[in-house]
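The next part holds the structures, each set out as structure tokens.
What follows is chain A paired twice: with chain B in the first complex and chain C in the second.
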Partner chain A sequence: MTATVENNTPKAVETARSAGRFLFIAAVVLICAWVLVPIYLLMVNTLSSPQEVTGFPKTGIPSFDFSSIQFFISFAGVAKALWNSVLVAVLTMILSIGIGAPAGYALSRFDFPGKEAFRMLVVMTRAFPLPLLALPLAVLFIRSGLDDTAIGLAIVHTVLAIPFAVLITFSLFSGIPLELEEAAWTLGCNRWQAFQKVVLPLVLPGIAASAVFAFTISWNEVFAAAVLTIENRTLPAFLVQNLNVSPLHLKFAGGAAMVIPALIFIFAVRKYLFAMWGIANR
Partner chain B sequence: MTPKALPYLLLLPATVFLLVFFVYPFIQIALLAVTGPEGFTLQHVQTMASHWKFNTALGWTILLAAVVVPIQLVMALSMASIVTRLQTGRSAILYIFSIPLGLSDLAAGIVWLAIFEQSGFLNSMLYGLGVVEQPILFLGYQNIWVIFLAVVLAEIWRATAIVMVILVSGMGLIPKEYYEAGEVFGASAWQRFIKITLPMLRPSLQSALILRTLAAFEVFAVVTALGGTTLPVLMGETFQWQFTLQDRNVASAYALVILAISIAATLFFLRVLRVPKGATL
Partner chain C sequence: MAEIVIKNVAKSFGSFQALHSIDLTISDQEFMVLLGASGCGKTTLLRIVAGLETPSQGEVWIGGRRVDKLPPRERGIAMVFQNYAVFPHLTVFENIAFGLRMKKLPQQEIDRRVNRTAELMHIEQLLKRYSGQLSGGQRQRVAVARALAMEPDVILMDEPLSNLDALLRLEMRAELKGVLDESKTTTIYVTHDQVEAMSLADRISVMNGGKIVQAASPVEVYRNPAARFVGSFIGNPPMNFLPAKRASNGQWQVAGLEMPGPVAGDALEFAIRPEDLTVSPDGFAATVRVVEPLGAHTLVTAEVGGKPFRAVLDSDLPVSPGDELRLSPKPDRVRWFDPETTRAV
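Up next, the complex of A and B:
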């Protein structure tokens, strides 16, 4: 990614006459380095042997030794934690879109008494430290047999993801003119058919992006996962529970296992990031 | 099915879900914190407040937010201004700037651990430059301010992106005509930023600051990864009471404290950055 910046530099320098232009480019390069170098260093540690990870001084160049990664993958509990993470994140994705998208559609298409109250409820969720929900829900889940299950944790993660799912789908549906739906109605479609044949294909990429966003929220969540799971730990819960007993190379490989999917997710939804947050301001 | 019922039907799942798993649990937290076997009691709150770690945890949490959030605000404003002025490579640079958005606080803690640990890259660099003769134990209990600094850096590194994204989308909503008018009247770039961008950006600033400050009060995994329990924070103490000490009443009392400072911060930003009615875009 830095390569893009460097490729642009010569052309930009040609046109740059002022020191201001130079400072501007320097700032861009500097911020890119600020973001990328720490990730690079984590990858160097991940791609080094356990001896190199604890060795000193470090060169900052990876030796492409995969024994740290092998150690991580074969470490007791890691494979299961990875599987649990994926499972919880997929459930969160399904729940938050399944529950959030109809609400987003209703908010964008109808005016009805109580609309403002619902909006307040959604906005309110953002003014509360949501991971704390895990404390009382731990009691509720033990009573209802949901403790230490993927679905129990997915429910908490859905509370975290639902405000975003509602706001994003609201903005997506608002972007589709009502006239399109009305045209389908006059051509003999009922409401559901019109939605399915006209609106759905148009919003599907955006829905997919907000699903990925819900996945990321669940994938990254630490506190509720650590409180609510014991046997069925997700990867972040597993790592945070074992932080003070695990060797350095396990921590770094675990960190990389969390970072790499995140890089891909953000790349996948990059077009929608601003649509999501633009709406959040209203 | 009458058309009038349709919107309510569509909202029903979300409303029920939020009432059961959001509103009810928060009432439950409050009840857990102030009730014992014999009904209402302040005993849990007293246990929490008289524990020696409570004041330090509260202090560090607030100090952390007070240091991190303003720096992030300035950085995010600069990054957003840079992005809006970019002509070439905008999407690539925007992607790089927003990468940390997808990273968890635990991952950020581990990333900065690679830099700050005793055999880490900072020590390697200092050694290579001849500044130190042997690696320093940066993250030991005797260096609590270094741990604090590492947490501050990790938090700024990870969570500035979210503020930037909110501000970039906010800047996109400011009509170009305002800037053109400003230029016609001879306003410098800096004056345009102070007199047009900042006031027009108020709703976005409000959202971003509320979101960020609340997340800063919830700091947990990053601190655990970098300093274990050496640097106590509220969320870490909540976790300790819930898990190690198995006392969910005191844990709930801690949760109430986090809730209280979060609500205080939200009201503060709503008031300070309030948007006059009819002035929204």
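Up next, the complex of A and C:
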């Protein structure tokens, strides 16, 4: 008995389709590898003993030796730099949400002249290369006494984070039907009460995600931090300054210390970042 | 007492004139339906009464108080939205209690009112649920209960049934009518569905192009349309129109027939509802085009004087496409419109 396979698709179409599928999978694998391989190598080397890091041949499998990490943590100045990083990042988070969320709300709820121009402008702030601004900024900061302070650096980081804060919160607020607010108004709320009792509870998770994203931007930023601070360096600036002259295994430990928190944060808020680019709206 | 008086209200959005100088009085406890096609300004008018939109000119009075400068919360209104606007982060109980908590009523009173309105809308068993766990019909019930619990002077409804499926809409319509009759509040209800309007309203305001064309009882609007638009918009199938030429004073020539009419100008438009036609030898000569048996009666689309002409006839009458019929209008049901102003003559 022979089994006949029902197949109505023309052969050419099938070939094209399977070629397309192959291209798609290849692209996915390539992009994943591009992101994952460096992270993997970083992890392997961080979790290997200093001898293994410099030795040859490589096994490619971590030996779970924590001596590099221990050395890194006890390294003079790391704790302080870490504290500075957290401080600046938290300030950035507060400032960028404090400024960005009202802007996002205004963009989603009101029609005002120059609305489109304003949206464009917000994104345009990202177009200015920081190295170009660094010198005038440094001069300005020294004159105004903001140099080498956490708040000074946080202000610069806020400028970097605001476009994202505005765009993410804009998409969040736009996802809340205006009718919900109007219903609250007719039920006895003024504008602020309606926002507080209806809109805020609904956007809070997204606001938190946007805050975390601002935190991550500040956490990862190295250029402004290196230029504008001397004594109170953040972790990335500190690492740039010190790791140049450090042994290899320490560089890996420092790299891991930078990458892991950022990775965890971005992973936690990924669905809101997708929403921002309009890929998926929950 | 909550009489609503709308005085000379107009609204424009940029260069678009959404409402032209509206005057309308809705008496206490009246059920007023604003009826019109989409874009006619009915929702804008409702939102102006609610305070969600500011009029470009004119005044709104509710219960003897001028409210057009007041925010929605100070107008003594409650509103039911087309998309229900049930708060997704609150339970049904908290949704209904929302306005009562804003009024800072004692918990006991809140419990009493929530339970009473929930019972009225048959949602007692849903009080602990969230809106995501409700069907469209249930959400609509919550929205109505939330409005009723406020015990407002005025309830405003913006196409509350348009998102429900046909069967549910029918059921909710009857229920709404009962509940709102009992609550004795003044109601403004916006819809584009003429059947809904006819069945619910004490009075219908038919709107077109930002103006109120006619405000009258449902039967009046149906029988005596004040303008051609009303006759062509209300009724399914709508009114038939034929051009009429003056034969002599008070006599008009319509599609080969001469009949008495008003004394006016040289040209008029003759109008008759499809169900006000009978088959008799002295009627219009009509060529049948389409026959649609509907059970109780048969809808016949014919051609009279080169114009489409519909008649609702007895289903016993044997008629098929291509037949020649004689359709004669019931004399007391004939209406006349001025083709220039489109107003009734």
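As a convention for this text, the second predicted complex is superposed on the first by the 236 of 282 C-alpha atoms of A that agree within 3 Å, B and C clash if a C-alpha of one lies under 4 Å from a C-alpha of the other, contacts with A are read in each partner's own complex, and residues count from 1 in each chain.
Going forward, a contact is a pair of C-beta atoms (placed from the backbone, for glycine too) under 8 Å apart; a residue touches a chain by one contact, two chains touch by 3 or more.
Source: prediction; values computed, not measured.
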Checklist line | chain B versus chain C as contact partner of A:198, first or second or both or neither | finding: second
Q) Which partner does A:82 contact after superposing on A: first (chain B), second (chain C), both, neither? A) neither
Comparing chain B and chain C in the superposed model, the one touching more of chain A is B
- Could you say whether A:90 touches chain B, chain C, both of them, or neither, answering first, second, both or neither? neither
**Q.** First, second, both or neither for A:162, with chain B first and chain C second
**A.** first
| request: Kindly classify A:208 by the partners it touches after superposition: chain B alone (first), chain C alone (second), both, or neither? | output: neither
Shared chain A footprint, chain B vs chain C, residue numbers none
Per the touch rule, the chain A residues reaching chain C in their complex are 177, 179-180, 182-190, 193, 197-198, 201-202
In the complex, chain C touches chain A at residues 50-52, 71-73, 77-79, 81-83, 85, 87-89, 98-99, 102-103, 146, 150, 156
Chain B partner, complex, touching residues on chain A are 1-2, 4-5, 7-8, 11-12, 24, 27-28, 31-32, 34-36, 38-39, 41-42, 44-45, 53-60, 98-100, 102-103, 105-107, 109-110, 112, 114-115, 118, 121-122, 125-133, 135-140, 155-156, 158-159, 162, 166, 191, 216, 219-223, 226-227, 236, 239-240, 243-244, 248, 251-252, 254-255, 258-259, 262-263, 265-267, 270, 273-275, 277-278, 280-282
Seen from chain B, its contact residues with chain A in the complex are 4, 6-8, 10-11, 13-15, 17-18, 21-23, 25-26, 28-29, 32, 78-79, 82, 85-86, 88-89, 91-107, 110-115, 117-121, 123-124, 127-128, 135, 157, 165-166, 168-170, 172-173, 203-204, 207, 210-211, 214, 217-218, 220-221, 224-225, 228, 235, 238-239, 242-243, 248, 251-252, 255, 258-259, 262-263, 266, 280
